[in-house]
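In what comes next, subunit A is part of two complexes: it sits with subunit B in the first one and with subunit C in the second one.
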Partner chain A sequence: MRARQTLFFLSPWLLTLAAFYLFPVVYSLVLSLLNFNPLNPSATTWAGLANYSRAFQDPLLCKAAVNTLYFVVGTVPVTTVLALVLAILLNRSLPGQTFFRAGFFIPTLVSMVVISLVFKQLYAQDGILNQALSLLGIPGRAWLLDERTAFPGIMLMDIWSAIGYYMLLFLAGLQAIPRELYEAASIDGSSKLSQIFQITLPHLRPVALVVIVVNTIRSFQVFIEVFVMTRGGPLNSTLTVVYDLYERAFYRFEMGYASAIAYLLFAVIFLVSLIQARFLRLGQPVGG
Partner chain B sequence: MMKRLLVWAFIFLAFLLSSFPLFWMLFLSFKTQGQFGLQNYSDLMASGPFARYVLNSLVVALFVVLGNVTLAAMTGYAFARKSFRGREVLFATVLGTLMIPKQATMIPVFILMTKLHLLDTYAALILPFLVDGFSILLIRQYLLSLPPDLEEAARLDGASELRVFWQVVMPLAKPALAVVAINAFIVNWNSFIYPLILTSRQAMRTLPVGLALYAQGEHSLDWGHLMSGSALSALPILLVFLLFSRQIISGLTQGAVKG
Partner chain C sequence: MMRKYAFLLILPILLSCAPRDKRQKIVFWQFWEMPVIQPQIEAFEKAHPQYKVEVEQLTWQNGFDKIVAAFASGQVPDLCELGSTWAPQLASEGVLLEVTDGVRPIKETYLMWGPVTVGDKIYGFPWVVGTRALFYNKTLFAKAGLDSTKPPEIWPELLNDAKKIKALGKDLYGYGENAGERHILYKKYLPFAWSNLGSVLSPDSKKAVLNSPENKEALEFLVSLLPYAMIERQDALDQAFKQGKIGLLVSGAWLLRTIPQDAPDLHYGVVLIPKPDKDKGIHASFLGGEMLVIPQKAKNFEGALELAKFLIQEDNAGALAKAVKTVQPATREAPKDPYFSQDPYQKVFLEQARTAVHPPTHPKWVVMQEVLNDALEQAFYKKKTPGQALDEANARIDSLLVAP
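Take a look at the complex of A and B:
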């Protein structure tokens, strides 16, 4: 009787778990070992590990992987540091504090499609950025059509759109630090700056780990920006792994190969998260 | 004093940089050849099925919010209050679902929906998101922070399990349910890759997908139209933020900081 009741409460979740998590995870592993085209399912053949070995020799995918790595390395540290600086500055009482926090936070709630469209306008030949530059006498360009500036432009936008969220997480972490620590340090005569290094940063390490891991996982999956702004161009300079995966699965219907790419990406993300957790020594006592 | 002023000036500058793009979007959305008004919005509504996109997004978001508030609440309640075999393993599974990236599941889900003839239906856009692991986590966390006294009193009074859940637990969990509802709304309203692959008919596109595809079509350089479409997509989120910023922030920080 009691078990039946519990099952009743759990059953909606168990059904969605089976249909949308367990089945897909297993099925995409199977798919990754097949040559499968949904338009022609009768032509399905066993591929074994061929999809995986193909991935390592695929110049387009390698280009996408390098770009994605570049994106992660170029955005995550900058976002983390800027979010931390803003959080520390906003943690004291300032006129307009609530207003400022909202101003930084709102962009993180707005859909990436909207943000991408707005920045596509900013970066366009007739966009506001070029108009501002022309006031300074600097010649403009179509930033997203130039292979040297398109990807950095997308990265800059990503940093802009992400800072507020991580700032908020750092703020929550800052508010959990006991005030007495700072008071004691002040009495001991340590400066504001050395308090940041001796009290604030060590205490923020668990939050910093969350910020870095969450942002890294998200950045490895960068897709919407590319879909809306450049579709991987110009000259594949903005092609990312998930965008490549999407085109292979849903334009060329190479779903077996795309599943192998998805699994490889998942493995990379998982490994990188583990390394980051180890590096930042998750679970160690604060201040050690 | 001087230092405080410098800090304030720095933050103010950062604030201007941070808010300018969205203000610029609003400005362009109201501007048509030197005039200000709602011309872009009415043109946009006339030029594509944008009203339909908005409707689709609203319908999907409504059901996803209702699903998470009731079904995820049931799950969170079971994890917080019931003891059963395999609870630890199942709860670890909840956490696990949060770590699986979308692109690892989207191809099988696409094939599943194709087989079930559910592509281009509301069901395809709603079912995968009906019970989110994050919602379960929030409810469980909240219920664990409350003593089970009221529920036990209701049971002593002879209330059925369903009644205990519906009339005692649900009202008690209201603050957590609000966080769940708002979070589910924002996530779903902005959701992109799943609605993109699970729909192909224009009439079934959601607002973000319809907007992104509209931007790739022949209208690609009509910034007035594009910015008014963007503003339409952003405004409900801004409204929700103005009304519920406390719940939004509590949801985000609970999710990440307490994990």
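Take a look at the complex of A and C:
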């Protein structure tokens, strides 16, 4: 009886989960095995694994995959380290501590679309960045129109916008570390720096795992920035996997192929997350 | 016990919602703001009292995604507005109602059948057209010692004027060239290729002719303009033109709407896009616009047909164009309304639309367009010469044409 009641009260959530999450997931797995054009669903044909094998021979997707990897490798470590450093700094009682904490966190509250639009103006030929540079006598450029600077520009923006949230997670982790450990260490004559390495970092491992895994997954799925700022250009230098699959699905109407790409991306993210969990010893106690 | 019958309480409400309207419903999806379209719908309902039109306004951001979803699920409107870029794909999938016989009497009176024509079959109606023309800044012309009453008519004049204006200063540009995004460059290049009588596909659409001398010459000319150009996205170029930083810019009639608001003091003119030489080529431009189509699964064909024919009438399409300023009616003859013959800018756009060209209607055009775009970027960013880039793209399009 109790179980039934529980189920009843959970049903709104369970039903929406089934309708808007589980069903699409299964449906797109089926789609990935079909040649499906959304404009003409009656002309659907069976493709088997052809969509998957095609993905491995697609030079544009290869370029997108390399770009995405570049994005992940370029942003995740920097964001993690900077967020950690900021958290450690802001965990002390500094004047204006709240102001800084709020300041670093605010970008998290702003929609990525808005941030992208603002940075698009910032990076423009006659944007604020170039105006500031010209005051220093440095010649500017159209940052998003140069294949060498477009993607790094987007990465920099991503780091700036993401850092506050991960800083907050680290701060929570820091506050959970018992004070006694630091007191005992100081009595034993341990330096501040060695306290960070011997006490702080080991205790932050579980939080770091969350930060790194979540941020990696999010970075593999980078889309909005590209969609708003560059649409994959110039010279496909900012083309990412999710943006590519969006175009396949909604510009070229290759829904089946796009679904196959989505599932391949899922497999990659799943593998990377597993490796990260193993590496950061998921579930093991601190010091274990 | 009472609770079981509680639903009876809302029964009267449900009943009062039941349809009493005997008129047939026409579901119409379109992109214009309601104040623009509403008067026409009211006029239609007055003229055809048996119909009731249910208008839904789509947004430019996600309207097309919504149309795709509608076709995928089969929950389609009766009549749907469709941008000319998208129409060929739906038409070639055979999911639109064929209207070939119905439009025969009006075929000669309208422009832009290309996007809805597959072979000899027609799958929709041209409603309004939009094209690009050459905007020029008269103040910068005068500053550069050029005659501001004589805007460039041919390519050498265009290049020369751009050079002279660029020489005025570091922050000033002779020309504005769009770049940086995918799916954009070809719209900027093709007008020059078409002006030089080049094209992407052979007349029978069986072969690529992208590496023709005409096309190579056009790309070389466009690349020769780049040193004097501001290279940016279109919105940034439009902005810079309004700020008086760009001398010559190919842009759309949307500027006619925004310049009076954003830069009322700007001294500017609009002319046809220059042709290669005095006795060579045409003043081509990019022809786009809005089509009206009826999905094959629509519930009310007859009503949708009536509504489409009503909306594309010269007076109605003209009234819409006049209200929004960014488009022109798709009729071949200029509308009788003096607004179109007297407004110096609208006059140019109407004339430009008559020599404007629509990109080839081919089921694989989206992919071809990507190939062309890649080639143009390679040439713009000096990775390849215009000749090499077009040769390679030509081969790639040829292989697309033979692929199943």
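As a convention for this text, the second predicted complex is superposed on the first by the 280 of 288 C-alpha atoms of A that agree within 3 Å, B and C clash if a C-alpha of one lies under 4 Å from a C-alpha of the other, contacts with A are read in each partner's own complex, and residues count from 1 in each chain.
To be clear about the criterion, a residue touches a chain if its C-beta (ideal position, glycine included) is under 8 Å from a C-beta of that chain, and two chains touch if they have at least 3 such contacts.
Not measured: the values here are computed from a predicted model.
Per the contact definition in the header, classify A:38: touching subunit B only (first), subunit C only (second), both, or neither.
Both partners, subunit B and subunit C.
Go through the superposed model and pick first if A:234 touches only subunit B, second if only subunit C, both, or neither.
In the superposition, A:234 touches subunit C alone.
Which chain, subunit B or subunit C, ends up touching more residues of subunit A in the combined arrangement?
Tallying touched residues of subunit A, the top partner is B.
After superposition on the shared chain, which partner residues are touched by A:46: those of subunit B (first), subunit C (second), both, or neither?
After superposition on chain A, A:46 lies in contact with neither partner.
Contact-wise, after the overlay, does A:250 reach subunit B, subunit C, both or neither (first, second, both, neither)?
Both subunit B and subunit C are touched by A:250.
Which partner does A:23 reach: the first (subunit B), the second (subunit C), both, or neither?
So A:23 only meets subunit B here.
In the overlaid three-chain picture, which partner chain does A:214 touch, first (subunit B) or second (subunit C), both, or neither?
first
Can you list the residues of subunit A that meet both subunit B and subunit C?
The answer is residues 38, 124, 231, 250 of subunit A.
Touching subunit A in the complex: which residues of subunit B?
Touching subunit A from subunit B are residues 4, 7-8, 10-12, 14-15, 17-19, 21-22, 24-25, 28, 71-72, 74-75, 77-78, 82, 84, 90, 93-94, 96-97, 99-112, 114, 127-128, 130-131, 136, 161, 165, 186, 189-190, 192-193, 196-197, 208-209, 211-212, 215-216, 221, 223, 226-227, 229-230, 233-234, 237-238, 241, 245, 248-249, 252-253, 256-257, 259.
Using the touch definition from the top, list the residues of subunit A that touch subunit B in their complex.
The touching residues are 2-3, 5-6, 8-10, 12-13, 16-17, 19-21, 23-25, 27-28, 31, 38, 86, 89-90, 94-96, 99-100, 102-107, 109-122, 124, 128, 160, 163-165, 168-169, 172-173, 176, 207, 210-211, 214, 217, 220-221, 223-224, 227-228, 231, 242, 245-246, 249-250, 255, 258-259, 262-263, 265-266, 269-270.
Touching residues of subunit A toward subunit C in the complex: what are they?
Touch list, subunit A to subunit C: 37-41, 43, 124-126, 142, 144-145, 147, 150, 230-236, 239, 250-253.
Contact residues on subunit C for subunit A in the complex?
Touch residues, subunit C against subunit A: 64-65, 68-69, 71-72, 74, 89-90, 93-95, 171, 179-184, 230-233, 236, 240, 245, 366-367, 374, 377-378, 381, 383.
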